[in-house]
Every structure is written in structure tokens, then in C-alpha cells.
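This is the structure I have questions about; it appears just below.
Naming follows writing order (A, B and C), and every chain is counted from residue 1.
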């Protein structure tokens, strides 16, 4: 039975026949079988129902002959029953299943970053020119013990800190959810720029171990790909408790995407669904977490900082405090805009809290308890620009993780169909016909460019605030002002309203 | 409109200071002359001084200099003082009438020592006990403010040009081995004597020309260690940071200066391994105490003074030496004004501290 | 000499190399005129061979000892002694298609221009800095470089 039979296609593929030269590039490049060619009639046509608006055909067409239009909602205007709700209900009536989706929350919840503004210095304090003065973005991740003594620390349990040259790292995207080519692009760019990438819960493919010293290797609830070499090769070990896109549940990689190389890296049979359980089945409480943290530290002779990644949920401040006291060196917090390769739509869109509020609360709580120095805070979840990054650091983060922005740099157009494995851009797929479209040489360059552009913009904004070192921005809420935020929001963020003096 | 002290005012201005390293004491007329020369840098809305070695007869007692806006606050504070301290002596701080100085608050000083029973009860060190009490007075007693709380030193400050303030407080009648001074150019209306520099804690005093753009980060770090920012001026964080680094964490003063004005990473990367490791760890642990934004500061303490610029030297600072005296000021002219034949004059690099200390053996001069 | 080499790992079967080749060899040098007015569809000198998921662009290798040159009965097909490029002097071609049959790579196809026979084969875009197929490949599957013999 065809799906969406009660609903017309969401999109229309419109081809300008005056421009179309019938080169058939669109047919070859469409990952979803929407573009078709009838050889007998020498005619190009489209199956609109298959189109997911990934924009691959539009980009590849040398004649610019294609446009994808969003069809009008197939119903009367209704502020309560939106088109999205109708389509979801119809799909579930047809299949009886859980609605799946990819990427991050696309619902119109209030965007706090867009209601925060930054300061600049004038007259009483000169702004600093990043083209002529050193502007330092280097950040060290890990636990900062104090006081500092002049003698060599003979303490075997003091873990080295990890420097990154910019406060931006690539967030967890597993090999399996993304292609080898995409994974390699991230690894190469991270190494070239001097920052880190995160392996996600799919392990580290054997042929990419040359990038391992720039990798945060993840230990997730499914423990995919976790073995001693993996732990010892990485630069940081991250225990993934949760992610912003699906707080409370585990990762999900459909069997279609578990090809032989993916299966080998994950150490599971080919073609089986890779389902990470919701909790780690050996972490049911904070003391269990402490045990795992120290197990990993012992296994790596205290040479690798251990990070714990959690979703931003209501109790995030208390949870973070517990994690800091359990021995973690880094706490990564993923807000509700975080992306994913596959998640139930309802959980992605309705569970979790914004990263802005989470970071503000965690930073404040850790300071109140006097333990902020014990951990580095990394914020994640929908950072769209260098301005978002600067605001996150001002709220209290040491660094940020980006993933969606990185994928957009590689070509992703947020069609949200990652879980199908049919990504036309070669990113979220294991099909070699599709994945070869992402040349890691080009991918790595584009990612490097993104890091470079954002880093330079951060330097400009810092200089504008009269700051020449990123540690002077960390937690410095005085450089932020809110607009259009109510008293409660301002208090939670710890910022004043625009118009108030310093 | 919020009262001054409730919102931050950037510090403009002029600073000057000197120390006789042989312990020789001098009266306040020289420092007044020096700071008066730089009148152009102030706007008459604040001036202040700190002097070391001025109470040799009470050198074992904490000299609490206080200002009160009214009798009520004075009574409240005196209750607190009597409760926690043994008072050896007390009196109004001597002043003389100066036409340009407006209505002054009540100005008192108490020579005290903490009651042993109170210290035993709280199990703190004497210094921690003092700092806690000082913050308590500043924080919780409306209208009262501790101007200085060190031994054998005192701060004198108020609203007016520094030379008028110096005249008002009869500084020509005090003898000190080191003096620091400040003239202020605040960018809005004043009114509060407590807002002038120096800012003090125990025997630390700080005068500061600049604006700290890292203030928010510095403050939130210091709050973790129990320091309360009651004043909302940038200078507060400098004094507390030095107290934390030097007194509580036992860092040598030179290294504390390297925390406030840390070397750039590109310089640290080029150092030999042991030094590189040390400076990296300093920056990593104390990164939130890095002072960003333009500043030149003079820090006074028992036994010495330190002058420091921000790393890219966005405010002026000149040093000079003549015999056993070290001079530091915002301008060379201010040094030459009081020492015309100064032997050596130099411009310290951004981030490099200039420190002058009492020589060994000069200590005994203080009891003269 | 510099030649065009394919990197099959990155070839995504888009055939845009063919499109660029056609436009580069058209009179108008304009995509729409080349296809719609000059009717040059299907006349590319580079062909993408498919055995999905693999694909690779194949064009003349400008061999050191070209079979097409040896077999040309009219002497139209020559190898330029300076540049090494193998090309056809079109006014001499009689359309026997020996070159087509003889090329071991299948890189030549029969074509026509103004009613005259012309073999469709790669000429390394003699007048340009970089061959059109290389410049137009969106995934860097084609490179223009010098390699040692046997590469």
C-alpha cells in the first residue's frame, strides 16, 4: 500500500524545459528516485511524492533548470492542526509505527541566542584590532587543579589537559550514521586546524587511526567499537549518557545502514539494527558513573581526560554537579536543538531544554558550589554561527561542539531523511554510489574554511569587546544583554536587559 | 538613578607612587605634588592615597579606616567592632577644612586586634577573619564602608582633586616609607567617597587606571572563593585577585603579576620545557583571573609596591629610580616633579611587573 | 606531458564532464545554444563508463605510440611533436573510422561537423589552461597532471 496516499506530495519538482538540456545529472544524483527519465520518449519527469527537498538535483543541474516548491498545505488554514500534525497522523494510521526523523528540532520554540546581544568597547576602553594584535582563542580542556606548585606534580592521577586552537570542536556523529567519507572529512579538518572531532558511538574505523590523537572517542550505552586500542588511541574519552536530540533514549542505527565495514568497526553482525539501550546498563546511579569514569582512567593510565555527555534536561544543573564530583574532567551538554541521524519525532521535538539556559544554570551552579574549576564545560545543540558560539562562551561554556553546521558545510540541506540511508549528498549514507559524492579532500577543505571563518569572526567580536584572550570571555555575562526576554529568563541566564548599564 | 557603587564606572585617570627601599620615611607633600601635576587626567570627582609605615606606635594593630554616612551606621559598625575586636585606640581621622571639598562623611579610625575567643570559635586564620569582617561591614551595613584594614598603613580618599584630598587629610603630617596616589576621572556623577581609589583589603592597596573588560569573568571566579564584590568597580577584582593568589595560594608576587597579565601563548610555546609547563599551568588554572582591557595599576603592600601594565600596554606607566627610591607614575613628568635628577627612567613593557621592596635590615627603621 | 587522469573513488556518475566537454567544443560556448540550437547532445569527447556503483570518465590517452595515428589512411590523425597531443586535422578526414575501431580504449566515436566526417576525440582542450572536463568536475574526480610512465 503506498504511503502518504491520503496526503498529496509535500513538494513539487518543477523543471524549466526551456533550460533543461536533458543531461540526466538530476536523475543520476537524486537519492530518492524522484527524478526519472523515460528513454523511449526521451522525456524527463518527476515523481513528486518521492521528493524530500534535499536540493541535490537543484545544485547539480548545470542549466539551473530545477526548482523545488513546497506545496500549499492540503487543508484549510488551521493554527492548531498544522500540516505537520496531519501528515504525521496519516502516516501513523497507515503504518502503526513510531514516527522517525533526522537532524535537530525544527519547531518554533523561542531562540534565546537570537534574543541576546553582545557588547563592544568605546572611548573608555579601546577595542582591540585582531589584525594587528594577538588574539588568543586557545582553550585547554580538562580539570584545573589548584593551587599551582612549582614542583613537578608527581601525582599519577593528574590527567593532562588537551589544548584546542579554537573553542569549536566537531560533535559526535558516528561512522554508520554518516559515511566514511564524511567521517574522514571531519577527522582531517580537525587535525589540520588543531581541534578535535568526536567519533560518536560507532567506533573509529581502522584506516583512520592516524587521526586518533585528535579524536574524542565515545563510549556509549551500546559500547559499539569499544576496545582497549580504541580507548588508548583517542585523545579524550567520552561517556555518552544522552544527546540533545533524544534525551532519555539511546542511539538508533537502522540495519540498512549497517554495511560490512560499519559492522566491523562496531563489532556487531552486518545488517542488524544497532540499538543503543536507553541507559548504560551498568550505570544506574551517579556512583556507578564514578566507577565507570575511574575504570576508563585506570585502563588508560590516567593519560586521557574523561568527558561525560548529557542532554540538557530540567535537572541538568544538579546532574552536572554530580558528574563533576564523580571525577569527570569535561562535561558536554547537548541542548534540545541537537541533531541526530535517527530519532522518534516526538522525542526530538518535545524533550529537552535550550542549551542557553542549560549552560547558564550549570555554570552558575558549579560556581556556587565552588567546583567550576574541576571540569571544562562544552556546549552543544544547534550552533548556527560564530555569534552563537561567543554567546555560549559568555554564558559559561569553555568550548562548543558543532555538528549540523558542519554537515551543512558539507552539503546537507536539512531534509531530515538521514535515517533512510538515502542521503543524496553522500553524507548520511553507507551506499557507495551515494557516499562517493563527498570527496573527503573537498569536505575537509570546506570544514577547515568554516572553522577558519568562525574563528576569525570570534576574534573580531572579542576585539570589539576589548578582550584579547578567550578565557576573559568565559562566563563573563556582563558582555551580554537580553532583548525581549522576561524577568525570569533574564535571571536564569544571569544577564541584564539591553539598556541597563554595566 | 542607582547610587554609585551599585553600577560599574570605568576608571579614568592618574596614578603615582614611590617607595624608599631603605625604609626612610617621608611626609605626604611629595606624593601630593606628584599627583597634582597630573591634574589634567582627573576631573575632580575622586582622589586618594595609601601610605605605609604611618602608625609605628600601633604597628601590631589593624588600623581600620572607616567612613560613615550617618551616626546610625557608625553605631552599628561600632557594635560589630566591639563584639569582634579589642580596641586599642580610636579617634576621628584628623582633617582640615578645604574649600573645594564638599560635605564629607564621618571619618573614623580604630586600632584593633581580633578577640582570641572569636578566632577560636571560627577556626579561621587571623587574616581570613579580618577579610570576612571587612566584607561583612561593606556588604551588610548600609552607609558604612571600610576604607582600609591593614597594619601600620592607611588609605585616605574622597571626592575632590587628589591634592585637595591630600590637604584635607593633613597628609603632610604623616611619615611613610611608601606612598601611592590616584586621581580620578569617572564618567558620570559621583557623590560617594567610597568610590575613589585606592581600593584595599588587609594591607593590599590598589590604584588603577583602566577598564577591565574581563571583569565579569574575574568576578565570578573570585566569588567562588568567598570574595564579595560590594563595590562594582573594576579595581576591586585586582585587590581580591592578588589577595587570593599571594596570601591564600602562596604564589610569589612576580607570578601573580604573570597571572593578571599573562604572557601570550605564542611566547609561552617558545619557552624551555619547564617554564613552558609552569606558565601553561598558571594560565590554565587561573585563566579566569587574566585581566583583559587596558590597565596600569600600582599595588601597595607592607614592605613594597608593584606596578603593572596590561599585556599590550594600553595605558601609560613610567618607572624611575634614584638611589634607593623607586618611582612609578602615569607620566614621567610626575616623577621628575618630585625628583628632578632622577638617575634612571624607563617604560616597563606590557605585562612586566616593576616591584620595589624594603631592603633587608631596613625593617628596624620602622619602629623609630 | 600533462594528461587527464580519473580517480574512480570520487567519480559520482554525474556526467558533467561530458556536458562541459560539449560546451567547450561548441561554436557558441554557451550551454543552452550548444544543446538546443547547435544540437550537440551526445557529442562529448569524454565518456563516463558505468558499472554502478562504479563509474569512470574515459577519454583519449594521447598515447606515446598511437594506434589511431598509425591506422589513419589519410594522415589526418597526428601527434603534435611539441605538445604530445593527438588530434585530427579535420579537413583531411575521409570518415573511414579506422581510428574508432583501432583505439584500445574506445575513446573515439564517429561524428560530423558541417556535413563532413570528424572523429569525436579528446584534444586536451588545446587552447585552454585546463581541460574543460577537469575544470567542470564537481568532485575532483578528474585531475590534470604529469605522471611518470606506467602511472
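Just so it is clear, a contact is a pair of C-beta atoms (placed from the backbone, for glycine too) under 8 Å apart; a residue touches a chain by one contact, two chains touch by 3 or more.
Worth saying up front: this structure is predicted, and the values here are computed from it rather than measured.
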If I rank A-B and A-C by number of C-beta contact pairs, which comes first?
A-B
If I average the C-alpha coordinates per chain and also across every protein chain shown, which chain's average lies closest to the global one?
A
In whole angstrom, what separates the CA-based centres of chain B and chain C?
81
Between chain B and chain A, distance of the C-alpha-averaged centres to the nearest whole Å:
48
Expressed in whole Å, how far the mean CA point of chain A lies from that of chain C is 44
Given the complex, residues on chain C that touch chain A span 9-16, 18-20, 31-32, 35-36, 41, 52-53, 138-141
Report the residues of chain B in contact with chain A in the complex, numbered from low to high.
2, 7-8, 10, 12, 187, 210-211, 213-218, 220-221, 223-225, 249-251, 262, 264-266, 278, 280-288, 290-294, 311-312, 314
Using the touch definition up top, name the residues of chain A that touch chain B in the complex.
121, 124-126, 128, 133-134, 136, 138, 140, 144-148, 150, 161, 367, 370, 372-373, 465-469, 471-479, 501-502
Applying the document's contact rule, which stretches of chain A touch chain C when the two form their complex?
19, 21-25, 28-29, 60, 62-63, 426, 431-433, 436-437, 439, 441-442
